[in-house]
Amino acid sequence: MDEKTLIAKRVALELMDGDLCNLGIGLPTLVARYVPAGRNVFFQSENGIVGMSGPVAGADNPDLTDAGGSPISALPGAASFDSVLSFGLIRGGHLDVTVLGGLQVDEEGHLANWMVPGKMVPGMGGAMDLVTGARRVIVAMQHSAKGESKIVKRCTLPLTSVRRVDLIVTDLAVIEPTDAGLVLKETAPGVTVEQVLANTGCELILSPDLRPMPLEG
Amino acid sequence: MDEKTLIAKRVALELMDGDLCNLGIGLPTLVARYVPAGRNVFFQSENGIVGMSGPVAGADNPDLTDAGGSPISALPGAASFDSVLSFGLIRGGHLDVTVLGGLQVDEEGHLANWMVPGKMVPGMGGAMDLVTGARRVIVAMQHSAKGESKIVKRCTLPLTSVRRVDLIVTDLAVIEPTDAGLVLKETAPGVTVEQVLANTGCELILSPDLRPMPLEG
Amino acid sequence: MSKLISLEDAVARIPDGASLLIGGFMAVGGPNRLVDELIRQRKSNLTIIANDTARPNFGLGKLVVEKLVAKVVTSHIGLNPETQKQMIAGDIQVELVPQGTLAERIRSGGVGLGGVLTPTGVGTSVEEGKRTVEIDGKTYLLELPIKADFALIAAKQADLYGNLTYALTARNFNPIMALAGATVIAEAEDIVPVGCIPPDAVMTPSVLVDHIVANTKR
Amino acid sequence: MSKLISLEDAVARIPDGASLLIGGFMAVGGPNRLVDELIRQRKSNLTIIANDTARPNFGLGKLVVEKLVAKVVTSHIGLNPETQKQMIAGDIQVELVPQGTLAERIRSGGVGLGGVLTPTGVGTSVEEGKRTVEIDGKTYLLELPIKADFALIAAKQADLYGNLTYALTARNFNPIMALAGATVIAEAEDIVPVGCIPPDAVMTPSVLVDHIVANTKR
């Protein structure tokens, strides 16, 4: 199993029956494939639909796309709406969980994921609204990039929100930001605690319930 | 012609082709009957429809009523919507004209029409939004009530808005509030300027274009 | 994953003293079965947020007549003399709110805004006790968001997930109330299987609705 | 009382330097005929308010490539490298706004509110230069309303009065932009006679729309 699949599978276990869930572009999109059997999860695309599903070959519709403009499909019971209602769901506390990629997460659980000054300024899109408004924010990302840990003492990149994220799932570990700091809760298959610590740019508190990362619900 | 019909006919001449218009309950409702031929006016009912028309006997629908809960009908091209969009039209400057009843209008053109302290407190309903938000506010009312002029130096009843109304149409006169004060523009058929002045509780400026009130478009 | 619940069970979840957003405009589009069941179960000391208090013998007007309401936040009580009578007698607390402001306050509660900045009410008695904010030389009242323990709403159609449609002027406050109730209970004229309401026809998406009242009696 | 107008005439009304709200999300649901005609008529120095700048060769992304845009207010430029390139070169001014805030700012302009009070952006670079308001111990940014000289939108169906419907995710910013443009110009996939769109299916009421672009070429 590659690292992205591992992360997506682990994140999918966090989705509960009946949840309204928004997946960011890139890695988080994979999560939809691994929802545990028996859980009916409603996926929102912030451009204006609840009940989205993967594209159906030969049935692309130019009026039915995801937030990146790529074709999607919709399940029975889907509902479409405009951008203010879409973000009303996100900002009004109606979104149970959002899964987003990250550039950095720091010791306080702050996420930076929308720009690298001087290099890449895509814009925040809906990320600031999602992190500020969702009931639960899960960051799904590689633990390190180009040899540097993405989990740091203090974000050097511009923050997406000052709201503390709820869970960080990486290819090495599951980490929960708390009042006391970042708590290491799970290690990925074949990964030791020492490896996680060595690849993390700030202190981690070891959970008394530290366990191997489960990948099936 | 009775006084109410006279007022309604005169007000109707103010409605222009294509206007979006909201009529208050009571006397203003009569205005819809006298829209000049050739002018297509869209009437809004603030409970959520544009394109309302009078009720059709035998075709009452419990889901299609005016703001008082009485049956109405709808013209081809009507549109229904929720209360935030209905008041979005009113407050966002999209409503061309509102016609409202009045308890008092004063020298500054301020309207009081929603309560008589200690006696009658129906609530403001949509009146404050209509007076504050409509592009043009026309007050349609009897000139006097119980022997007292309803056009006064300063409203003694609680104001509906501090926005100056645009026109006052009564059974005696048409009066326009301006920076300089209330300007008498028209007198009703058979009514003299002296009669208007004698029945008005504040000074009136005589318009240089003072004319008899027209009643046909 | 059906959200069907009996009328009796739906109302049994509502405690005395609860705050209730109640849809409808002069009881048109109001959840009249739920209102009748509130009376039958004698739920009392209620705070009602609604456009109006209807008429004494129609829709939520009956709750006032039955003396089950401690407080009402509304824009109009003119057609229910009982509300005015109880208000003057001090038996019911009435907060009068301009209708457009009431709608925006409920919406702002439902979509997570801090409040509403509106010119409506500036310089009138509605301004009393409220903060004002100057923006570009113009004065706006800061009106606070409204949320409630429950939203009781009425739809034309509901599917089993809770997607709702409304008909004509019966839509009114229902869609915004579905955003602002901690628990949202909907009654519907027709209940249809999932997939029978096209996505573009849905006016309240299912994810906002907690319970659909079954069409069986009570 | 038809609002039909030719594509050429519709765009001829737009002066150089105008501010334009443009519907669509990655150009899905965008007024792509109007955009192409803006280019053909070489309207320049435009201020564009839109969710994103699409892709270089798709929808309003083409306006950027053609160097007709002086300023853009948007939430995302990541898929149009040309916008980023011109921004870095100082040829285009870019104001980045969180997507939900952008939607609420446009809506607030369209419905006559003084601004939007939102927690989104508090403590981030989005807060810079903005007022904050404390409400019940929580901090909100005061985000100002957005209006524009024109709103250019795209519908699935339009009737001759200007009632509009949208399909699926092509709805997005179009309905709120119809509220916030001083002049609203809509193109539509289908134009139908008055009465063909049921009142409950209308998503933008006709009274908000000034011109419907005829389906004849140009």
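Residue numbering begins at 1 within each chain, and the chains themselves are lettered A, B, C and D in the order written.
By definition in this document, a contact is a pair of C-beta atoms (placed from the backbone, for glycine too) under 8 Å apart; a residue touches a chain by one contact, two chains touch by 3 or more.
Heads up on the chains, UniProt names are A, B = 3-oxoacid CoA-transferase subunit B; C, D = 3-oxoacid CoA-transferase subunit A.
Quick caveat: nothing in here was measured; it's all calculated off a predicted structure.
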Steps needed, at minimum, to go from chain A to chain B via contacts: 2
Separation of mean Cα positions, chain D and chain A [Å, integer]: 29
Interchain centroid distance [CA atoms averaged], chain C/chain D, Å: 32
Distance between the centres, which are taken as Cα means, of chain C and chain A, whole angstrom: 35
Residue list for chain A, restricted to those that touch at least two other chains: 49, 74, 80-81, 84, 87, 91, 133
Sites on chain D at which at least two other chains make contact: 104, 107, 111-113, 118-119, 166-168, 171, 199-200
Pairs of chains, among all present, that meet the touch criterion: A-C, A-D, B-C, B-D, C-D
Residues of chain C that touch chain D when the two form their complex: 104, 108, 111-119, 133, 135-136, 138, 140, 142, 144, 165-168, 171, 199-201
Complex contact set, residues of chain C against chain B: 25-29, 51-52, 54-55, 58, 74-79, 84, 87, 94, 96, 98-101, 103-104, 107, 118-126, 156, 166-176, 203
Chain A-touching residues of chain C, taken from the complex the two chains share: 1, 107, 109-113, 159, 161, 163, 179, 194-195, 199-200, 202, 205-208
Residues of chain B defined as touching chain C within the complex: 45-49, 61-69, 72, 74, 80-84, 86-87, 90-91, 121-129, 132-133, 158-162
Contacting residues of chain A [partner chain C, same complex]: 17-18, 20, 40, 42, 44, 49-51, 74, 76-81, 84-85, 87-89, 91-94, 133
